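Lettered A, B, C, D, E and F in written order, each chain numbered from 1.
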Amino acid sequence: MKLDVLVIAAHPDDAEISVGGTMLRLSRAGKKVGIVDLTRGEMGTRGSVEDRERETRAANKILKLAVRHNLELPDGRVEVTVDARERLAALIREHQPEVVLAHHVDDVHPDHKAAGELGRLAWYLSGLARLAAGGASSAAKPARRPLRLYHFMGHLPFEPTFVVDIGPVWEEKIELVRCYASQLEPAHAADKGQHFVFGADILGRMETKARTWGERIGLRYGEPLLHRGPLPCFDPVLLARS
Amino acid sequence: MKLDVLVIAAHPDDAEISVGGTMLRLSRAGKKVGIVDLTRGEMGTRGSVEDRERETRAANKILKLAVRHNLELPDGRVEVTVDARERLAALIREHQPEVVLAHHVDDVHPDHKAAGELGRLAWYLSGLARLAAGGASSAAKPARRPLRLYHFMGHLPFEPTFVVDIGPVWEEKIELVRCYASQLEPAHAADKGQHFVFGADILGRMETKARTWGERIGLRYGEPLLHRGPLPCFDPVLLARS
Amino acid sequence: MKLDVLVIAAHPDDAEISVGGTMLRLSRAGKKVGIVDLTRGEMGTRGSVEDRERETRAANKILKLAVRHNLELPDGRVEVTVDARERLAALIREHQPEVVLAHHVDDVHPDHKAAGELGRLAWYLSGLARLAAGGASSAAKPARRPLRLYHFMGHLPFEPTFVVDIGPVWEEKIELVRCYASQLEPAHAADKGQHFVFGADILGRMETKARTWGERIGLRYGEPLLHRGPLPCFDPVLLARS
Amino acid sequence: MKLDVLVIAAHPDDAEISVGGTMLRLSRAGKKVGIVDLTRGEMGTRGSVEDRERETRAANKILKLAVRHNLELPDGRVEVTVDARERLAALIREHQPEVVLAHHVDDVHPDHKAAGELGRLAWYLSGLARLAAGGASSAAKPARRPLRLYHFMGHLPFEPTFVVDIGPVWEEKIELVRCYASQLEPAHAADKGQHFVFGADILGRMETKARTWGERIGLRYGEPLLHRGPLPCFDPVLLARS
Amino acid sequence: MKLDVLVIAAHPDDAEISVGGTMLRLSRAGKKVGIVDLTRGEMGTRGSVEDRERETRAANKILKLAVRHNLELPDGRVEVTVDARERLAALIREHQPEVVLAHHVDDVHPDHKAAGELGRLAWYLSGLARLAAGGASSAAKPARRPLRLYHFMGHLPFEPTFVVDIGPVWEEKIELVRCYASQLEPAHAADKGQHFVFGADILGRMETKARTWGERIGLRYGEPLLHRGPLPCFDPVLLARS
Amino acid sequence: MKLDVLVIAAHPDDAEISVGGTMLRLSRAGKKVGIVDLTRGEMGTRGSVEDRERETRAANKILKLAVRHNLELPDGRVEVTVDARERLAALIREHQPEVVLAHHVDDVHPDHKAAGELGRLAWYLSGLARLAAGGASSAAKPARRPLRLYHFMGHLPFEPTFVVDIGPVWEEKIELVRCYASQLEPAHAADKGQHFVFGADILGRMETKARTWGERIGLRYGEPLLHRGPLPCFDPVLLARS
């Protein structure tokens, strides 16, 4: 199935937390959005795999996703292997998205960092013709590299290229992330200690981040995205269409 | 007169060489474009002031500019003064452009650098209400800061935020810059020595730069622009309008 | 009067908004804090000079400042002059603070940027003996450079060296900034347009910033500070006092 | 055994050369310090494994280490594997240090670089509860991430966050590093050629580095440390304890 | 065989496209130049392995190479393994070049990036005596690290340390790269889509790059090289030889 | 008089301390070296103007300078004015050096920073023909921009482009700087406090700096220089002269 946007994320709630608003706006507007989760999140401090699968299904309904894959790489042990990057490249060729969204390659969380590197490598490899032809599947799709790869923000702050206005779907994004109830409740008293990097309050931090980046462009809530190297000009004032 | 885009440049040919293609595309599409030159270019190695004025008028005709001002600051001695920045801010308020284009604040040429700093300061100051009210002119316009300030590339290379496709007007841009014939001809044998920073071949370097940046986004000819800090999202794939 | 900390700021509410929490914690702990405002804020879009003076006096009471000076430089036109930097250096010598806090030298607001440069220059100059001896005042104090100069965050985001925990005084900081009531109310309908860089909601943005930086170190509210170059080691785990 | 500080280093003398002064000050002050060496240094150009073990034992006595582990990874071939990072994370959980010190992730020496990456990954992973629970050892310790991870300086110069004053233990640090006598003597005439990156004079370079960083903060001898991202405020002038 | 310069490149035409002019000038001047290609380029979108071998032999003749090796790593799947880096280090020891040229470690193409990392690691490892002694070959050469490692420019633009003037061999470089005829012809209509990152016009982009960097130093055509860290002074004006 | 190298420095001992070794090597090799001091150093904490003039004359003898100018700008108050930069540009045109050496534009000392900016501006302006023709002097020299401008290291550490080997003249450099005896002796007990930025031990810090940069390129003593943007290739291994 042809997609407009494909999101590559490490754990089943990462896509929602980082670019849930962007995905909501796109699917509300009739665009085709898909997600590839790399792991089942089975090493997450809180919640069972069954919890997370049920939660993911609930999130999918709100997102109205066109497709959601899971590479079933081992949670907490995502590695940048040739096999993983080629499986991802095959999924990109299969769905032919115009844009890919992935973690940042220097994210503080080891799985996020590996997922960012895999996303960047797979994006490039998706455009190599013979790699495509050599795929195991008899139905291998032709090579095609998405137009743009953007990195979203996880645990590493960075100066983004632009910010998506998610004000119109802010309430829905909160509802979306609340689907992952197991991740939002401290499991026990020691929980804070285990997550001290940025604190255990996922919804609170999500709001702070949305406000920070929204305010940078004069709006209430935003999601930041980073492009490596210059983009084509999309500024409506500078676009000249007679 | 309300403008879409205002270009602030140090010498009468800087705007044409750096963003001539962007201006051509905009005016061809019916948008209102203006220029403020800071100096008459009277210290230029080649050509008289009369030459440059005649050349500028020819360029204006090709560009179909809505307006072109000249601050008559001393060429080779542009300084970042309160007076100059407030005169520029008054012009911004007068024309209310949506976008301002200016030199880079670290350009190698002292006048370009000063012009970039003046552009940045004036852009900010144009939004201060009381500064506007206190202007000398009885017809002072209300404060209004343009939506975006972009820096164009002169003698300092930098990694731009985006590149404007000028392929459709490339031949016209050459014709435009050829208006400044006095600047394109070596005045004498020693001329190369006086301009060795990047060589004296203005048209040749202009083509190299246009190809370099065009190729970075997969096109033939481009003009690079830099934004400080994140932009709103203008990527058409990510724009969701239901 | 000997101070522990001296804050150098462009307009009468800048110190409060940027490092009000830090100042509150220090004065609550019995440390001596002073402020030098460079201008009266007379070009501020909202409120009269009288309003701002009354508001400043109210803020001073909450802050329990040891001293507050005003250089009476022209608002909207702060320039980096030899006279201004030497007046500031004389104040530093007079009060002998251990630490100076100043704007960032690349702040987006022209006055903030100039104030940051003046603060950095004056900090250095305060340690030059003959400059001190040559001061106009017959009671010139001996040269003495404060131990450290930190830059606080205004309109330019940056990655700070450390974050001050202002959770214990967060409610008081809100009360403190509310003293500047004239600055918190939109003057008229067009006000948003004049301040679009980061929006007109000063208290809202202040909370976002405090949460952003607090969360970066695992706390609720913080104020970020930047040091140029390495600091001495102050980490309590690494401090070895037998 | 609970530690205050755990140092992760590639070869048996790396910890001593880079942060020997810091460790000496800490152990002199009664703090608990441990080291994990990743290799036996068996590929070192000079000295046998037996030499280095004997030298390491002598160094341990001077350092009064609480514990010293060796992962026995292959010298000259340290790789960033899941197994190595989880063994390191288990050691961090076992000793629960407040602070971890590790190589820089971009160090010029391949083993140093890999050790820096392993240190950073293990530091993060030590805080993941289920990874801890899944450890092979029946006595697996609960997850706990040290408060701070600092990178020390090996063969890559960088601008540190702060500098530890090692003036009080400078003579002892020289004595400490002299324990590794096999490393300090050129093995043969060709030795210089094999180590030309920074020269073969380990003690001489150690003194230069200590003086460089000490002088940056106005002292005689220092050891530089780097933190990624902002720290909490530890500046004694800004700490407010009423 | 002792070499002056050894080039390490991912695919059989990478060395020619990136530093073909530099190699031509060196071999024309009687210096010994060698290449290690990491792969046969068998996954290249265009041309068979046989095509590329024939093309490579033609290029070798023009280059008058002293030696050309191929590690036969899998094209499209180059990985940074201990085996590959030690095979490269052994080749460096075998040929004892004074200078090594390699891809940039952040190049956009996954194979280029891996080749750059392998080059940097092998360069360092070539100077470790016991690693050399432990080589599989009975004829292992003694350790010796080349004086300098430079990175050449592939798909990642960067600010180089210096630029080699290739004006004198520009026509020959074009002839050299034309040897790889299979790579210069679009294989089919969809080809542009598969290579859109920088466009499919290899010769055109090569000329743009040569002009860009040549013009930066006032010449017509150049090849950029990057050094990590400071170099010795080679500026002829500053060299003092009495 | 035609020079090979012109050094532009803020105070009479700055050139000697920062690039004394480079100058000594050049003059020993018969090259023509000149200095422009911007001030008389009359605000220096230690020594009278007469002391410094006598010391400067002694230094000149050791350096065997071709020429030494003094702009007599006010010490402690060097500003970047049009007049100062044009006087400097006139001196550059008068002496036509191949290379100019100047302070870094971000140096911590206000005078050094201003001197670095003046040097950079004057270097550029020296190549503008009409600015040259418009000089006050009837004997104005034709425009000519030196080939390269390098920044030397004062109080701001930076990563240099290359390092000059000053081992052969190290003892002479110490003798040279000892000429400035008034600057090497603490004037009184409080002196340390007034100079705490890097400590008052000028000769000690000079040695540390020389060792630091010498060791970076495998030598004993070095002076670091920075070039903005790429240089031509001067590496002797890569230079091809048949």
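To be clear about the criterion, contacts are C-beta pairs under 8 Å (C-beta built on N, C-alpha and C of every residue); 3 or more make two chains touch, one makes a residue touch a chain.
None of these values were measured; they are calculated from a predicted model.
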Classification of the subunit B:subunit C interface as same or different, half of numbers criterion: different
Inter-chain centre distance, subunit B versus subunit F - centres from mean C-alpha coordinates, in Å: 36
Centre distance in Å when subunit A and subunit B are each reduced to the mean of their C-alpha atoms: 38
Where subunit D touches two or more other chains, by residue: 147, 157, 159, 196-197, 216, 219, 229
Touch-based graph of the chains, sorted into line, ring, star, complete or other: other
Interchain contacts, given as pairs of chains that touch: A-B, A-C, A-D, A-E, B-C, B-E, B-F, C-D, C-F, D-E, D-F, E-F
Contacting residues of subunit A [partner subunit D, same complex]: 42-45, 76-77, 79, 108-110, 157, 187, 190, 193-197
Subunit A-facing residues of subunit B, complex: 4-5, 22, 25-26, 28-31, 98-99, 147-148, 159-165, 213, 216-217, 219, 224-225, 229-238, 240-242
List of subunit F residues in touch with subunit B within their complex: 82, 85, 121, 124-125, 127-131, 134, 142-145, 147, 229
In the complex, subunit D residues that touch subunit F: 157, 159, 196-199, 204-205, 208-209, 211-212, 215-216, 218-219
